[in-house]
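Multiple structures follow.
There are two complexes below, and they share chain A, which is joined by chain B in the first and by chain C in the second.
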Partner chain A sequence: MIAHANKPKTFFVKILRQDAPGKPSYWEKFELDYEPELNVISVLQKIAAKATTAGGQKTTPVCWDCGCLEEVCGACTMVINNKVRQSCSALVDKLLEDGREIELKPMSKFPVVRDLYVDRSRMFNALKKVKAWIPVDGYYDLGPGPKQSRGDQEMAYPLSECMTCGCCVEACPQYSKIELTPNVGETPEEFEDRKVDTFNRNFVGAAAISQVALFNLNPTGKMNAGERLDALTEEGGIQVCGNAQNCVAVCPKKIPLTMSIGRIGRAVTFNTLRKWFDRPAKKH
Partner chain B sequence: MADKRVLVVGGGLGGLSATMKLAELGIKVDLMSLTPVKRSHSVCAQGGINSVNDATRQLGDNEYKHFDDTVYGGDFLNHQPPVYEMAMWAPKVIDLMDRLGVTFNRTQEGFLDRRRFGGTLYKRTAFAGATTGQQLLYALDEQVRRWEVEGLVKKHEMWDFLGPILNDNGQCVGAVAQDLFSMEIKSFKADAVVVASGGCGLIYGRSTMSMTCNGSAASRCMQAGAKYGNAEFIQVHPTAIPGADKLRLMSESARGEGGRVWVPRKPHDSRAPKEIPDSERYYFLEERYPEYGNLVPRDIATREIFDVCVNGGLSVEENRQCVYLDLTHIEASELNRKLGGILDIYRKFQGVDPCYTPMRIFPAVHYSMGGLWTNYDKKESGGLIAGSPKNQATSIPNLYAIGEVDYHYHGANRLGANSLLSCIFSGLFVAPGLETLLSNQGPGSVAAEQPQSLYDEAVKKQQERHESLLKQSGEENPYLIHQEMGALMTNAATVVRHNNQLEEAIGKLADLKARAWKCSLSDTGTWSNQNVLFTKAMQDMFPIAEAILKGALARDECRGAHYKPEFQLPGLTAEDPAEHRRQAEEWCDKFEQNIQKFLKTSVSTYDGKDVTISYEDVDTSIEPPRPRFYGLVGAEQISEVWQERKKKKKEAAQAAVTN
Partner chain C sequence: MRRQARRWKGSVVSSAPSFLERHEFLLRRLHSLAGLVPVGAYMMVHLAVNASVFGSPRIFQRLVFHIHSLGPVLPLVEWTFIFLPIIFHGAFGLFITTGVKPNIEAYPYNSNLRYTLQRATGVIAFLFIFWHVFHMHGWFHNHFWVTYVAHPLMGAEFSPYNAGSSAALAMQASFLVPVLYTIGILAVVFHFSNGLFTLGITWGIWISPTAQERAKLLANVVFVIFAVAGMASIVGLYSMSQEKIAEVRAEEDEAYKVLVETGDIVPNPEKHSPLSEYAPGKHSDAEESDVEEGE
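The block that comes next holds the complex of A and B.
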């Protein structure tokens, strides 16, 4: 926290804006009165209410995504002073320790919808690809689930805190941006199919791999472990990981992502070998 | 039935559990949400989810006691059959969530671990770390994703529900909604619509709720003619961290571990808290409640903190209401061991370590007990008739409400760890009723048979509203109007309510409403225009805000979260035993009169201009109402008189039967 003596009267917020997908991006600077205990969300709220740049020009409110403001929903992720993180837990007092300016950019690995708002549907698609769910028989009352040890719960719980925020893939050198636009004559359904197909052929990213680790730990989830591992053997699967270990460093929930990747990497190898040995014997 | 569809609005615990259950029944679902459903507000629930379990059962607990705690906690304003049904289902709901892979904490033997929560004597609460809501939501999100892959569910995320579409018979046959990105306004045909849009905390400006909890979906149903129940019942949590953007919860366990609440005796004392000597500190909870001290019940703590700041003018800060919650007299190592998780929240969001600097906290709006009025189909033996299309039905045919936006289940006050249960239960329970509805729908009420013009007209109307807002010129700023509304509502209709303040607030709200239609927008663009979406949501807050204020004004009593000191029944004062007894009799007379007059659901309706309040009887057929005592002087004597009366009534009833 800034000592009272050092607090500036005003501070600047520089925002990389973009009006719509495919449009050029541009910087806009805002000047705000300093108040204690601001976070980046409240800064953006103030900018929305004022809608005037530092130069006194009228502008539009900055568009951004947010939800819980408690760092559990994952919505408000952006790049703040060159670090990917949630804007709700980014405190202005901390950010101003190194100067009088805060810089906000949208995540670079996802298509920009507008300003700081990005489209992370690729991450949710990855959860489909790896079948990140427990395939229960149904929702009728069939009694409790299987007993689980404390140790297993303690291993699973941190993995289940993943809020699909995208920090891990933003920091990942192997995860590159995919931005598609509809082709001439393409129906919305055809475009959607092409998008899903492209997503599926590109890297799934650490979050989805870690979800495989989570579901393959669950006593019921285990029964379909092979299917999830198969999905990670396909194009865009775990083999794309270059072991840069950036993901684990930026995860706001401190999820042991590299441990998940290591564990699933071994399981995938074993799964492939097992399938190779389980092949029906060829007739000679 | 393959071609029939249900539209679910909202993808929190309620919406997702309804969606997955409908999909299991083979019914196609369109799931609409303001956010990717995985980011819904249910993620914020920390504590846990309640049910009777094998261990509590052997200590004398049962489903009936869970039901009884819920209606007693709700000050008997809950309709009892739905609550009874929910309590009966609770163990099954937790079993199901366990099977779905929720990472519940475990005992050393591998069973679900349980903790104790407020309002009960039993350890009923299952939990997953400090993020139970998040874990439950993710399990349901995963199941819905599975059905999405199977083709039964189609998600429409980033769509804003603008209102139900009604045919000439007043039946709901779909909805109109707007894409948050392209701003396209489109109609959705549906044979039934389920609203699961959560609470309305944003009406109070800042609350513990997420930015999507603006009450707009409920208001838009109300504007289409749906009744709204018990609007005035808003739960306020005593300890939250005031933030410029949001109020974040600080768990009660901080007080449980020895935290002391105080304010400087000198208003807005500018000294650092540690420099203020003990003699200049006002430990108001300890002084006012020597017996309970800082651990007075939740509602009393809330009221006193509010009182010392708002009426006493003793807030720590001049421009913001807050008091100190001080843990600094306890060893840092001990604090971190016992309270590490919750202190981290304070460190993360305030950048200050509560081990060395007192926390600044203030009560915050937390939950709306009220919501869209819904019906139920009652079973003679208590509980509900499963599969009846009356369950969870709003007053508009084929329009349903579940979860926090539904007014059932919590009465005048919600017990901790009951909200997650009511959301999942009502979601699961509404589905078989919808199945019945859809298979019995007569000619003329099916969406496919409605004239296209009906849908086009609804779209056109919304398009006009949208475009006129973009073109509008005026002096007003929608964000500032929202701030004013928040301050107004927070001052008049939260913890302590006074009729003169409520009357004044109703007048001010009307002025503000007029100004809200004179906003000019700083963004008139046609792509991802959050400015216009916000303005619409803000304008739509007015009917519910008005319902809250008018409901509170008309209710001259104290019940659950609704507290009007003017109408509180005082404790007994007499020393003389006979006089003491007489006072207790009088107290019980007054209590009975109050039941006659006010044990009623308030029902708000909106005619396009004003909110009108009417009343309905509450079904208390399972457990008769009884007084709730919170540290009331003479409670034992009153309780004795009350028990005697209850016995007499029972005997009289039996005698009547034998005669």
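The block that comes next holds the complex of A and C.
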């Protein structure tokens, strides 16, 4: 195939490694034989099997995370050649178009668990903070929900594709890394509490804002619209966004994040004013 | 509740939320609003008034007289509607800017460039406005301050009752002055026009990508209009010849004479240029002093 014409016999993969949380990071380089149609995950599998650096030294297998292998779970997100993206959909043939080396780094906004595997719990915490779900659980059948218009369905569908991968917050200049370690004498529960509290006091990020747009659009979800908007005006809420619009540029699912930010920005203003003047929440 | 529980357990790292943290949403919204009104609105009027000097120093003086017809109330108006809002917006803007890491090298997108420039121009605007208000206005009009602090440091050079002539001399004090003004004006105008664009997202005025593209166009038009207006006043002031300045000053003094008689303007010796016939310590004999001072 044309795409594989004049490809090198071998290529290099440079990986920013880290042995454990809080440990220093270091670079290691690996050399692999070129094969057509590799993706970065298969490259990582080969490196793990080989566990030998380009210099011929034995090393530990490189650790990474993945799940679906088809860009829907978000687990394999990392920084590839300085751009944040999913490694399962990063094709080596494409990456080698601009050189013989591929550079892999863990995302910089999350604590590293090991090597390329990061802890994205802050993102999931943000979903909890904004109540990114529809409360329909109960003891009896509530009957069919209200209908959603065709237009709203079309608006909601793209938003529902978010896989909480973290690309948007990795690229966001307003989102800074939080990495906590347990204090001496702190129980695991206390540590967890402190972590949740710290997460809640810092920027929720574009993905969670967009999920509020999604669930506030849903006819049943609307019933809790006010609570979600309230959560977004707490510390670390939507106001922290500085409109750099990097999030929308890097989102692999092309979710219209800045549109959600604009729409929710407007909704929180009205929601806050209504509360100030002690008016009931709008019944959509 | 959660916070209190946390404190009992003695596991606090971060202190209890400060005022800034508790009111983050409100403060950010006020910051955004202040950028538009009164600060942005002031900038638009200010640059438009200043641009008039390019066409006609007489119109410029008339507009300044209008503003200064407020007389003793003026400082109150200035502080309430101009200085304090700028200080709030500026100081809070600097606070927002610190602690944020721009990532323009890794993500070289147009919008990220705007974001980064918004912060950079904010810092330039802060320095520029701090110096500019000192240079022209002096910040305070206390006699001691003006005589012993502002004037020796090239401050308070603007004399409202000799608007065009004193502003021209202030602009010509050094070749650096127009250079710094050019940098300052371009920074402030970019900051304002791009701010207009982001403000529309912040408040949810333009939401869809199409609407945002149009808004960006609008912001660019605003940039061009006010950049041209700003440049016009710099060129107008910098290019005024010494003869022209003397001529303008004589006209200003004449207008002053009439307006004091009609009661539209309150006499205030400090508002005259030291070269004016009405300057403190000069007797008001027009012909005589004109011959002496005219260069």
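Note that the second predicted complex is superposed on the first by the 267 of 284 C-alpha atoms of A that agree within 3 Å, B and C clash if a C-alpha of one lies under 4 Å from a C-alpha of the other, contacts with A are read in each partner's own complex, and residues count from 1 in each chain.
The rule we apply is simple: a residue touches a chain if its C-beta (ideal position, glycine included) is under 8 Å from a C-beta of that chain, and two chains touch if they have at least 3 such contacts.
These numbers were taken from a predicted model, which means no experiment stands behind them.
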> Here chain A is shared; do chain B and chain C fit on it together or clash?
Replying inline: fit
> Counting only touches as set out at the top, which of chain B and chain C does A:Arg263 meet: first, second, both, neither?
Replying inline: second
> After superposition on the shared chain, which partner residues are touched by A:Met223: those of chain B (first), chain C (second), both, or neither?
Replying inline: neither
>> Quick check for you: in the superposed arrangement, does A:Glu190 touch first (chain B), second (chain C), both or neither?
In response: second
>> On the A-aligned overlay, A:Glu71 touches which partner chain: chain B = first, chain C = second, or both, or neither?
In response: first
>> Under the stated touch criterion, which partner chain does A:Gly242 make contact with: chain B (first), chain C (second), both, or neither?
In response: second
> Which chain makes contact with more of the residues of chain A, chain B or else chain C?
Replying inline: B
> What is the angle, as a multiple of 10 degrees, that the CA centres of chain B and chain C span when seen from the CA centre of chain A?
Replying inline: 160
> Touch check for A:Leu273: first (chain B), second (chain C), both, or neither?
Replying inline: neither
> Across all Cα pairs of chain B and chain C, what is the smallest distance in the superposition, given in whole Å?
Replying inline: 14
>> Output the chain A positions appearing in both contact lists, the one against chain B and the one against chain C.
In response: none
>> List the residues on chain C that touch chain A in their complex, please.
In response: 2-3, 5-6, 9, 11-14, 17, 21-22, 24-26, 28-29, 96, 99-103, 106-107, 109, 111-112, 114-116, 118, 198, 200-209, 212
>> Per the contact definition, I'd like the list of chain B residues that touch chain A in the complex.
In response: 20-21, 24, 35-36, 38-41, 43-44, 92, 95-96, 98-112, 128-129, 131, 134-135, 138-139, 142-143, 145-146, 148-149, 181, 210-212, 243-246, 248, 345, 348-352, 428, 477, 479-480, 522-523, 525, 527-528, 530-531, 534
>> Which residues of chain A touch chain C once you look at their complex with the stated criterion?
In response: 82-83, 171, 173-174, 176, 180, 183, 186, 190-191, 193-194, 197-198, 201, 233-246, 249-250, 256, 258-259, 261-269, 272
> How about chain A: which of its residues touch chain B in the complex?
Replying inline: 1, 19-20, 35, 37-39, 41-42, 45, 48-49, 51, 58-61, 63, 65-75, 88-89, 91, 93-94, 113-114, 117, 120-121, 124, 127-128, 131-136, 138-139, 141-145, 147-150, 152-153, 156-157, 160-161, 163-164, 215, 218, 220-221
